[in-house]
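Chain nomenclature is as follows: A, B, C and D, assigned in order of appearance, with residue numbering initiated at 1 for each chain independently.
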Amino acid sequence: MILKSDLYREHGFLKGLYLGLKLTMITMLKNIFKQERMTLNYPEEKYFYSDRFKGKHVLTVKEDGTLRCTSCMLCSTYCPAQCIHIVAADDSDKEVEKAPVSFEIEMLRCVFCGFCEEACPVDAIRLTNEYEMSGHAEQEWVADHYELAFRKSLNNGKGIVSTVDDKDRLKLRL
Amino acid sequence: MSKLEKIEFTAENLARYKEYLTRYDDIESALLPTLHLAQEQFGWLPDHIVKYLAELMGIPEIHIKEVISFYDMLYDTPVGRNIVHVCTNITCSMFGGREIYQGLLKHYETDFLTPTRDGRISIQKMECLGACEIAPCMRLNNDFLGNVDLQTAIHKIDELP
Amino acid sequence: MTEKVKFKWNGKEIEADKGSNLLKAALDNGIEVAHYCYHAGLSVAGVCRMCMVEQDGVPRPFPACNASCGEGIVVRNDTPKIKSSIEATLSFHLLNHPLDCPVCDQAGECGLQDYYMKHGQYDSQMVDKKVHKDKVQDIGRNVMLDAERCILCSRCTRFTEEVTKTHELGILNRGDHAEITVNEKLKNNYAQNLVDICPVGALTSKDFRFKQRVWFLEEVQTTCIGCETGCSVKVSENKNGAFRVKPSYDHEVNGHWMCDDGRNIYKHVSGALRLFGAQENLNGLFVPVDEFKTHQLAKGKTLKFILSTGLTNQEYEKFFEKIKGKSAQVALYVLPNQGEDFDGLLTRGDKNPNLRGARKAFEDAGYDSSQNALDKLLSSVSSNDAIFVVVPEIIYNEDHFNTLISKVEKAGLKIALTHGETLSTLRAFDFLLPIPTFVEKNGDIINFQNKKRALRSGISYGETSKDVSYYAGWVNL
Amino acid sequence: MKDSANYKDYALLSYHHIPGVHNLEIFERAGGYETMKACFDKDPEAIKEEVKQSGLRGRGGAGFSTGVKWGFFTKDRSAIKYLLCNADESEPGTFKDRYLVEKNPHILIEGMIISAWALGTQKGYIYIRGEFYHQAMILEKAIKEAYANGYLGKNILGKGFDFDLYVHRGAGAYICGEETGMISSLEGKKGQPKLKPPFPAIKGYRGLPTMVNNVESLAAIPWIMKFGANAYKQWGTEKSPGTKLFSISGDVNKPGVIEVPLSTTLKEIIEVHCGGVRNGNKLKAVIPGGSSAPIFNAEDSLIVKMDYEDVAAKGSMLGSGAIIVLDETRNMGEVLKWTLEFYHHESCGQCTPCREGTGWMEKILKRKEIGVAKKSDIELLDKTAASMRGQTICALADAAAMPTQGMIKVFRNELEQYVTTVAKK
């Protein structure tokens, strides 16, 4: 939560102290009498995180269903945990030219910092608010691009289409 | 021109080529006149003619291609038997050179430098032809035509062989 | 002795040969001057207009690449006027550039990127349609051309005109439609130098294409072992392997260039067949084994060594030291000549990287390095022998080497010291033992000029500590 | 144009009134080639000095003193060197050389022989633009006649001097009018200008000393040698002496080539020699020296004197003397568009600022076609033009930038209106 103002600076010491404690008191009393608890009965109840939550990655796709990623490797360069592994290859489409043949993220290494999202020049990788991940063995924690782009939860396996599409970019390029 | 046809200068042109060589102190300098000559004989300068000239003169092929592509009056694409140059520079444009050019393209249903369907003419938009006193001016092959309008231009072009 | 002159560049005093190139003098003295078209190994074109300077007493700015050093001249390229002109010129360079850095292999070592960080006009005013040209053209000899990225510095055309004199590349058309074009395909054996000299991503290597980003790579300064010329090279590698070889400037041997054959010398270093430990031949199938087993089998046998010409002087020295006074038979296998003796530029027919060093080491140790000695050794092979064959790193003529292998078949124990299971005929051996490749060892080799050339190690992949001399230690155990 | 022209009135067009003067016989009967014969008795250095004294300035556009340029040339008479005549007049609006050559080719040949004698060149080439096919043929014929008369070839007139002269046809490239571009073109390369230094006078055609002069400069030599430098100076001003050919086109009643002394007012040229502005319209602007010269508005046009200094003082240049007159009906945006299209088309593609800049300036001006134009584009255009100036090997970038900046200076409001007005279809 972002505090809007500094109570102490704005109202002076005593009044600030009073206002601050008032908030604390109200919350305490509410919790005692209204029983509004933060603990949820997971998995029956689930917490909903905002879209800005940095959860499991997703690779976006173009309108034709291919990966948007051009395998420029900026994410893997920027990644502080060095958990992104990309193997690039020629694409038969001259306009695309370069595409990944394999894109893997080691989920156990990932620190969910979201730097990859910021480094990406083509909006190909995003962090979602998906936070439920599980696995038995280490291998299951390496997400390949099928998992990252076409898992069931993403548009029923069709993947998330990025709005800044290649064709739009080409149009912008005129 | 079919590719099977043997590409070489006629005896007369070969003599002219030899004469060109005497004018210059090195063979490279004779390239531009030779290209003019070749274009006169072959119409335009496709790769196999470039190859012939390269062998004849001992100049690298790419060098000749560079030169052909550099100059407006040497053609590496097919052109018609007659070339029509329409000036579109300042003075000629002031007096409607561009309209004549567009009008001609429309009339002959062709495009920049593309030969008409009967292969008779190619229309080329040119920069200043150096005849601004008779603007708008054109060149039909090597002849200047001044103070033209679209109708006279079409009339004159139709007289071409 | 050429006369020296002193002049000032941005206030820094520089000493250079009189009349030498002003830009070169500045670059040699560690001054960073933006430039694209100038290359010390080529003629001056003066077309990129990035190296403009102002000189006191000269009214107009001029390009430093077309000026010569004179005594006492005062040159600046940090005045506001020049700075803004460089900015403007760079923006012209970028005007029709497609800006596809994410997919461009040059990114990270691109002249446009480098100078943009320094001289960029960060807000774009370009909303117009760019000029489009042909992308992704395979122009032969492992070179890819992207005409759109090209800034027409003409380095490549000058290279094919002046260095290789093969005239494959030219610039067709004029104005902003000018485009690098290849006549048929590249044909010369130096074509990949074009990739190096291209300051932008217009010419890229098909071999290196999309394998790695250059910022993941480290460059190791070493020497090419492709032939006896011994060109200075840089091998780009990281923990995943070696990825490319580029020439590095050495005015005594190779100048700025290297041949295309030499570009392939990295391939065995991290190739699929690279040997990382001892292997035993089980009916034609090599399986990992403890090296100790080989050691045990070799005990009591007469050890014979056939060395290759690819070892360093230090390795030979150490080897002969180890077998000094012991009864080991040693011979040298010399690779046969390939093609013409000398192609006029760099490539030589003699493919032995360190033949001179080997012969000298043999001589110093009192051994015979001639073909006779090898023949003698081969003819005397018996079942009581353990024969060690050092497999050359690069074998151009496999048949020639296979004949050698066929002659050692009689030996009781056949061991190949190699970097990998590269040849099918290596199946004739009982054991394969790993030795380091040229990027995994430090030492000297002696090239055709009788000059010492240094091999330097970078990141190791194999079992590098055990070189030939280690196995020599098995003699007379 | 006066009918009964003679030496006293004209230097260059003095033979033009004689019918059939392109024939050597008629030309000689009128007194042609006499000066040349007389010159062979003179010391070459004396000829050079005379030309220098006359103050003749290069008529191709730059206006550099011909005599001084000759002074830079090697004095070693035995060394191989070349004389090159620049007849590649491709500056839009210029047609004076065509006019001069097609009527009277011999005056150029005479001038070239005298210059060759003075400079000691053994071979000469007349580089004529490819479009002038008939003019090239006229020259070829005239050269043949001169050979037949022994004025060209080995041992000319028994003086032990050899000079061969040939016509070399270009193939349509503006840049070949630049002297080093012309040399490249003559060498059989693309006509791309070469780096200077070295200058052509030191290292030109085939790396040998080469003197490049404009047709008009060379054609003025016989007159100067005949009547002397002082007589030549009777015309014009101290710094710009002599007469000059002006090619006048555009909105005037009688367009054409005139020869007038330098420093004649533009007003006189338009009103007296060319019969005034067409249809009695009001004068709007004048381009005084070919399309590369910044434009004059009506006020400046009426007071400017056509000599190198006064035109430069008013912010333009005399250039090749191509005067394009524009009346009130003309749209300056269109004129600038035509100019920029021309330079875009003709940029040789060597230096980046010119290659990219000329194309971009055209695109900026045409932004309304893709619907992104705004008023500030004119500012950008001005800035782009400014950053192209003085950045390139040859002057083409300047030639594109100067008229752009000049036009923006004089007609900014009109241009701003032009770029933002989208024509209704």
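As a working rule, a residue touches a chain if its C-beta (ideal position, glycine included) is under 8 Å from a C-beta of that chain, and two chains touch if they have at least 3 such contacts.
Keep in mind the model is a prediction, meaning the values are calculated, not measured.
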Per the touch definition, the chains contacting both chain A and chain C are none
Would you identify the chain whose Cα-based centre sits farthest away from the centre of chain A? D
If you tally contacting C-beta pairs, which pair wins, B-D or B-C? B-D
Using Cα averages as centroids, what's the distance between chain B and chain D in whole Å? 25
So, what's the distance in Å between the C-alpha centres of chain C and chain B? 49
Distance from the mean Cα position of chain B to that of chain A, given in whole angstrom: 63
Once you find the CA centre of chain C and the CA centre of chain D, what distance in Å lies between them? 54
For chain D, which residues are shared contacts with two or more other chains? 173, 190, 345-346, 348, 370
On chain A, where are the residues touching two or more other chains? 174
At least two other chains touched by the same residue of chain B: list those residues. 63, 66, 70
Pairwise, which chains touch? A-C, B-C, B-D, C-D
Touching chain D in the complex, chain C uses residues 44-49, 52, 60-61, 63, 66, 84-85, 88-89, 91-93, 95-96, 125-129, 131, 151-152, 154, 171, 173-178
Report the residues of chain D in contact with chain C in the complex, numbered from low to high. 173, 175, 190, 195, 197, 344-353, 355-360, 363-364, 367, 370, 372, 380, 387-388, 390-393
Give every residue of chain A touching chain C within the complex, in rising order. 70-74, 77, 88-90, 94-98, 121-122, 173-174
As the complex stands, chain C meets chain A at residues 98, 100-103, 107, 128-130, 135-136, 209-211, 213, 215-216
Note: in the complex, chain D contacts chain B through residues 80, 89-95, 98, 123, 129-134, 164, 166, 168-174, 185-192, 206, 247-251, 255-257, 287, 291, 322, 324, 326, 330, 334-335, 338-339, 341-342, 345-346, 348
